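Contents: one structure, followed by commentary.
We just call them A, B, C and D in the order they show up, numbering each chain from 1.
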Amino acid sequence: APVALSAQEDTSTITAVMHSGLRVLDPVITTAHITRDHGYMIYDVLTAVDADFAPQPQMASWEISEDGLTYTFTLRDGLMFHDGAPVTGADVVASLSRWGKRDSGGQLIFDVTASLESPDEKTIVWTLTEPFAPLLDVISKQSAVPPFIMPARVAATSSDETITEYVGSGPFVFNEAEYEPGVNVTYDKFDGYVPRDEPASWMAGGKVVTVDKVVWTTMPDALTAINALSAGEIDYLEQVQIDLLPILQSNPDVTVEKRDELGYVTIGRPNFLHPPFDNKLIRQAAMAALDQESMLATMQGDPAYYNVCGAIFGCSTPLGDESGSELVTGGANIEKAKALLEEAGYDGTPIVLMAPTDVTSLINQPVVAAQALREAGFEVDMQSMDWQSVVQRRAQQSPVSEGGWNMFFTNWMVPEVSDPLINVMVNGRGDDAWFGWPTDPEIEELRADFVAAKDAATQKEVAVKIQEHVMDNVNYIMMGEYLIPQARRNTLQNMIPSPVPVFWNVTKAAE
Amino acid sequence: MEFKSRDFSAAKRILKIRKLNVGLTGRPKAAPVLDGIDLDIRAGETHCLVGESGSGKSVTSLAAMGLLPPDALEIQSGLIDLEGFDITAARPAQMRELRARRIAMIFQEPMTALNPVLRVGEQIEEVLNMHTDLSTADAKARTIDMMEQVHLPDVQRIYSAFPHQLSGGQRQRIMIAMALILDPDLLIADEPTTALDVTTQLQILKLIAEMQERHGTAVLFITHDMGVVAEIADTVSVMQKGRIVESAPIRDLLTHPKEDYTKKLLKAVPNLAPRPSRGVSAKSDVITVAGLDMTYGGGGFFRKSEGVKAARDVNFTIAPGRTLGIVGESGSGKSTVARCIMRLIDPTAGKVTVAGTEIAQLSRRQLQPHRKHFQIVFQDPYRSLNPRWTVARSLCEGPINFGTPRDAAMDHAAELMELVDLPRDALDRYPHQFSGGQRQRIAIARAVAMKPDLLVADEAVSALDVSVQAQVLDLLDDIQEKFGVAMLFITHDLRVAAQICDEVLVMQKGLVVEHGPAGGVLSNPTHEYTRNLIEAAPGRRWDFANFRALDSAPANQGATA
Amino acid sequence: MFLYILKRVLATIPVMVIVAIFVFLLLRLTPGDPAAILAGDAATPAQLERIRDRLGLNDPLLTQFFTWMGQLLRGDLGVSLLSNTSVAGMLADRLGPTINIALMTIVISVAMAVPMGVIAAWRHRTWVDFLVMSFSVLGFSVPVFVIGYILIQIFAIDLRWVPVQGYKSPAEGFGAFFSRAILPSLTLATIYIALIARMTRASMLEVLGEDYIRTARAKGVRENVVLFRHALRNAAVPILTIIGTGFALLISGVVVTESVFNIPGIGRLTVDAILARDYPVIQAMILLTAGIYVFVNLLVDVSYSFFDPRIRY
Amino acid sequence: MTEIPTSRHSAFQVLTGLFSLPAGARIGIGPMIAAVILVVIVLAAVLAPLYVPYDPLSMDAMARLKPPSEAHLLGTDPYGRDTFSRVMTGGRVSLLIGIGAAVVSVAVGLMIGLVAGFFRVADGVIMRIMDSLMAIPAILLAIALVALNEPSLSSVIIAITVPEVPRVVRLVRSVVLSAREEPYVEAAIALGSSMPKILIQHLMPNTFAPLIVQGTYICASAILIEAILSFLGAGVSTEIPTWGNIMAEGRVYFQIKPGLIFWPGLLLSLCILSINLLGDTARDLLDPRMKKREG
């Protein structure tokens, strides 16, 4: 007889398999999504975006001075850290300051900050030297590094070192005793958390916890995870490989769904420092050779889970616009690519393409790209390595012959690319730019315009210009949007549709 | 010499074998291993089975035990009847019942025949556990009693000892105790003393006789040693190539052998009478050994161990054309001396001078040019030739090392083949394509190819059959005559020593206890140890080759020859 | 005996030191920069440099080595670069599952393989022998993960006898432990069974040809007694040896099995650490696994004398 | 005098004993079949470029994971590449890795082992280093070597070779140590042969038979280790199809497209099976003791 093995008997605990193992516990120091997700569990944020990309009060409400130079935040009542201490303005100031040293958006704001101080326990005053219109958007962003609020003593840690005390004021408490790096994390409900009254919407609204415990585990093997969900050994699977959906779809106890409609973008980044991609025409040739549809189809299989999209800020975001993207959305244009290569006088310099072998969502792109580029006449040297090697090597500015590179692929969540300040790939400041290091004064000017823009319409106008510029200059190659479905046992209900998986609001029924 | 030769025709017949054919399993067409064997053994009788190696002695005995290896050998036809029970048709379970109770066996090699990981007491007791309902205590008491009967000392200790903690003789006593504890009607002993030295052999033979007397057991005794046969047999069967060629009471067989093969076999048995000594050569000695000491081991990281003093203060010289024999029981240090002289090991002290060069202290490199002066022939003809090399290559190795051109070496090799009486075409064959005796001749040829001044033969004939042994000894004699080499001949067999040596050196526990002309040492031993050694040699009063007794002490013969 | 063990233990010291040097050099002399991994997506060269400094990665090699050895001698395994937790703690968490699964594997393997090998040798060149040998060659020929998947499909998904994945320590109830450990153990055991069965057969064949086996039969001893009392103990030493050296194979299998069955053991931890360039963890783990290997083989060597009285130290 | 199984002795038995067949075995039908299978697989792999219907790298995003059909004999993989073409081509690299690893480890191990077996001085140091290498689990060493360098074909071969070398060294050394006690070696010394000559002419040939056996074993296990490395994400790039990475890539499809694992797995298993079996047979044929028994 089948043994009762399920995680289903215990309705007060949710067991979730996340996309990766949690190893770094400092949400400010790393951009790893799993650490960010961890941040949302145990920390709270001052303000947060709702499903309409609009900043909403979370820990604090705010007022902006007429001249746009002074922001005054007032903390709401009942905020308390897990160690029982109340959250004060000093904690907020310390946390924001540390975050400002790491986050690229934060750095921009602190470039124009006159002072950030807390006149009393409940108030924080942020004074700027010149207006920074998107300030609230930046501090409310859900990814990659949101400004989580920690106790001042923790936030005093240098921004190069990881914190060693994990106390927040969020809805869950980190259970340090049961933490096994890379394997298991346990979160207990924080009884002292006072949710807001509004209904939850993305990261905003009331974070009402209905279970006692949430356990995150990692399963290195995708098939094992799916089998475990099927068998009821876990409640939730954050990411399901599309090809494997049929296994789950036949199971009436399991629901497969899109977590949100935004999803991810996948991009290819050329290295501007070395030939051949220091040549704009050759970058354009590469863009022409690549084809979103076949790339996405290979990655995802099912058209329901991808979206050919040329908008660098995402197709369903306020700033999204597809101008100038035909080269990459309109199918592979081998002839055009060959013509461009001809024109550029491409000399057959091989392109070193870094190909990770161990991260499922990144395995396909280089393989598909290599094949397409070769067809267009590129010499491609695809070098396989594990993802961490890619991470190390992409930081190398040295020439290709000395351990450098020409191109790699990565993915972002749409909210991480949805505006020119958040999207690090449109940074054009040379050595200070993101890996690939384009020196692009034109785009820097456009970004300044964006910061200075007073209203949404002007912002959008600037954003379209940036879009067109990126398509022409090929700062990076937008390879389209895709969604990764999640799967849950039917007992898990009321999950908030959000790019970041969150565990408030969710209820768990008996099977 | 007195023979047993008792008459048992009235006694009960224990084992009857008729027209027994044994062949290779699944290959009925192949030449049979046993071909129509007939054999009778009666209660109380000792029947000896003799014959050259491979003639089928062991197979006969295993067939009687029902222990033929099933995937190699099978009984093709014939009858084996053990007191009315047909063994050829027995089921395995029935056979198990018979063994130990009615028919028991002792094997040649006492070390390998006992299970090394079980205590010897347990191994004897196991027989009782398998076949009787004795309680544990009774079984143990019975075992101890049996162990006492075979004259084991310190029975309580030995009971719980492991085989490797016992001497060869003691192990063989355990085997005998094990075989006889259930008082079987037939005891088969397959070369039970071949691995033992003469003194121990004598004790074991006495013991078997004593037990036989006491229990009235019939004994089938297998051996290739005619001396032993002369000592113990009532009746004898001679085997050759799977057949019994002659079967007779012992006295008849030794005095009036009928078959040619039997005669040949008996003629090959060397006499204990020393050969006539050859004239002392005037030339200077080929080798001088002075104060040779060899201690194995010693030192060690944790414990300072004493080390084995395998040779102590050994002195001798050999003149060209003369042979010095070293005799002594196993472990007395004979091989050690040989290996020191050959510089296969480095002596701890002493001088070895060969052909005028002192070699004991030379480094390997310094030694190399002198190597051609002294050569060695080892005991084991199987292992002393590289199995992967043709005979030609082996023969040429030495001369080429010393600068002979390959062609010349090859020509010489061909001559050598003639010398050792092997066909020329044998040069292209590999060692495994030769018999043991042929291989040993090749090894000798290889040594002679170097035209050495000194030839060391370490048990060079011990692994061979008597008849083959005689041929090889003849060959060595020839060679010595032709080339006038000095020879150091090591053996534990006094008969062989008597046959070939001019001088004899007796070793015991690393010490030389007696040294002198062969005639002197073997006929008038002065040392107690030498005397024991000679006393223990079985059949020493019989002159096998001439089918008569040695009417007087061998010494006189030697002296008068 | 005691002296022998002491001597053997002392002899492991140079081995472990060489392992340590080797691992250290392997990590430092190959390209790879933990700082880049730590710094994340938005790191600037200056940040990287600061992190390298803090981790001591900019010190001369020799200094780094002696710092590490010094810590090691004080029993300090260091702190994971990635998760900032103590390596000793991670090790303590992860060791249990691996050891338990490994022990269970060994028990299963020995319990199955030895009788298989004995019977194959006894009935050699019959269909039983053929069957056993085919199985063991097959055990060598199929990648571990495939065996794992097949077992999961049959026993966890189709039959639903046991869970698909996971691990519970025996402390949480033997049933819970057993039901989760059985499939991984069986997966690991296939290759081990193959190895041990083959060795047992070969060793038994050799022993069954020995004179003392003939002696035992000549005494009228029953076949099962001949096989298990007389032969097997004599065949034990090579079998033990293969169990010891096969332990390395077991560790290889563990790495894969832990992935397939989602067991939080040291195999997976080490692979993750290697992929993440988490030097302190890699160093500690490889030292640990090497230490375990050396220890197991020490045990094996010492246990020889239990099976074979001729071996005395 | 007594036969004492010391650990050195038994290590030798372990290495050679693994593959022992009963004494007197003649080449049976099994090894014949194995040889035929192996030859067929090797030929099929080597000649793959001549007959496979598709470029093993050419993708078709619209024809992903197709079931077997006329166009695609074994269906297609997640990139829409033809599985049949990939599996047949993959054999080339897998076999290359297997043979490469076997040849390299045997060659290197033979040299080190001869030196260790013959020169007492070097022996201690060499064997300590070999012990240490053996103590590091092969797979971890291989992953580390591959991950820390880059997963090219040669680094995979090296990674598989490094942990195998100590085993070969031990084997060679033990053969040399026991062979140098043979009387025919002593006879050669007595005949004045120099040490290098004895080493190469007398001792080295003794190692060939066990080395061939060991070589087949390494070859088989290299093919398997390559598969495991791919499974762990440290294998050869998917651009170079191998049975290992085809299986590793196909592993998540185990339940929905078992063919992706089954076909390369089948060929791999058949191949290893045959290699092992032939290794067994080679051992029996090359063992001089066998000749003696027959002779």
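Throughout what follows, a residue touches a chain if its C-beta (ideal position, glycine included) is under 8 Å from a C-beta of that chain, and two chains touch if they have at least 3 such contacts.
The structure presented is a predicted model; accordingly, all values stated were derived computationally and were not measured.
Asks: Which one of the chains is farthest from subunit B, going by Cα centres?
Replies: Centroid comparison gives A as the farthest chain from subunit B.
Asks: I need the chain pair with the most C-beta contacts, please.
Replies: Highest contact count belongs to chains C-D.
Asks: Between subunit B and subunit C, what distance separates the C-alpha centroids? Give it in angstrom.
Replies: 50
Asks: Averaging over Cα atoms per chain, report the distance between subunit A and subunit C in Å.
Replies: 39
Asks: I'd like the Å distance between the centres of subunit A and subunit D, where a centre is the mean of that chain's Cα atoms.
Replies: Computed value for the inter-centroid distance: 45 Å.
Asks: Residues of subunit B that touch two or more other chains: which are they?
Replies: 71, 164 - these are the residues of subunit B that touch more than one other chain.
Asks: Can you tell me which residues of subunit C touch two or more of the remaining chains?
Replies: 31-32, 124-125, 149, 259, 275, 308, 310
Asks: So which stretches of subunit D touch two or more other chains?
Replies: 2, 22, 147, 232-234, 251, 254-255
Asks: Every pair of chains that touch: which are they?
Replies: Every pair of chains in contact is listed here: A-C, A-D, B-C, B-D, C-D.
Asks: Can you list the residues on subunit D that touch subunit B in the complex?
Replies: Going through subunit D, the ones touching subunit B are 1-2, 22, 24, 182-184, 186-195, 197, 202, 205, 288, 291-292, 294-295.
Asks: Within the complex, which stretch of subunit C touches subunit B?
Replies: The contact residues of subunit C facing subunit B are 3, 7, 124-125, 210-212, 214-223, 225, 229-230, 233-234, 307-310.
Asks: For subunit A, which residues are in contact with subunit D within the complex?
Replies: 221-223, 241, 243-244, 246-247, 293-295, 297-298, 301, 355, 357-358, 363-364, 367-368, 370-371, 382-386, 389
Asks: Please give the residue numbers of subunit B that touch subunit C in the complex, ascending.
Replies: Residue positions touching the partner: 65, 67, 71, 92, 95-101, 104-105, 107, 109, 112-118, 126-127, 130-131, 162, 164, 175, 178, 301-303.
Asks: Considering only the defined contacts, which subunit B positions touch subunit D in the complex?
Replies: Touching subunit D from subunit B are residues 71-72, 111, 164, 342, 344, 364, 368-369, 371-372, 374-376, 378-380, 382-388, 397-398, 401-402, 432-433, 443, 446, 450.
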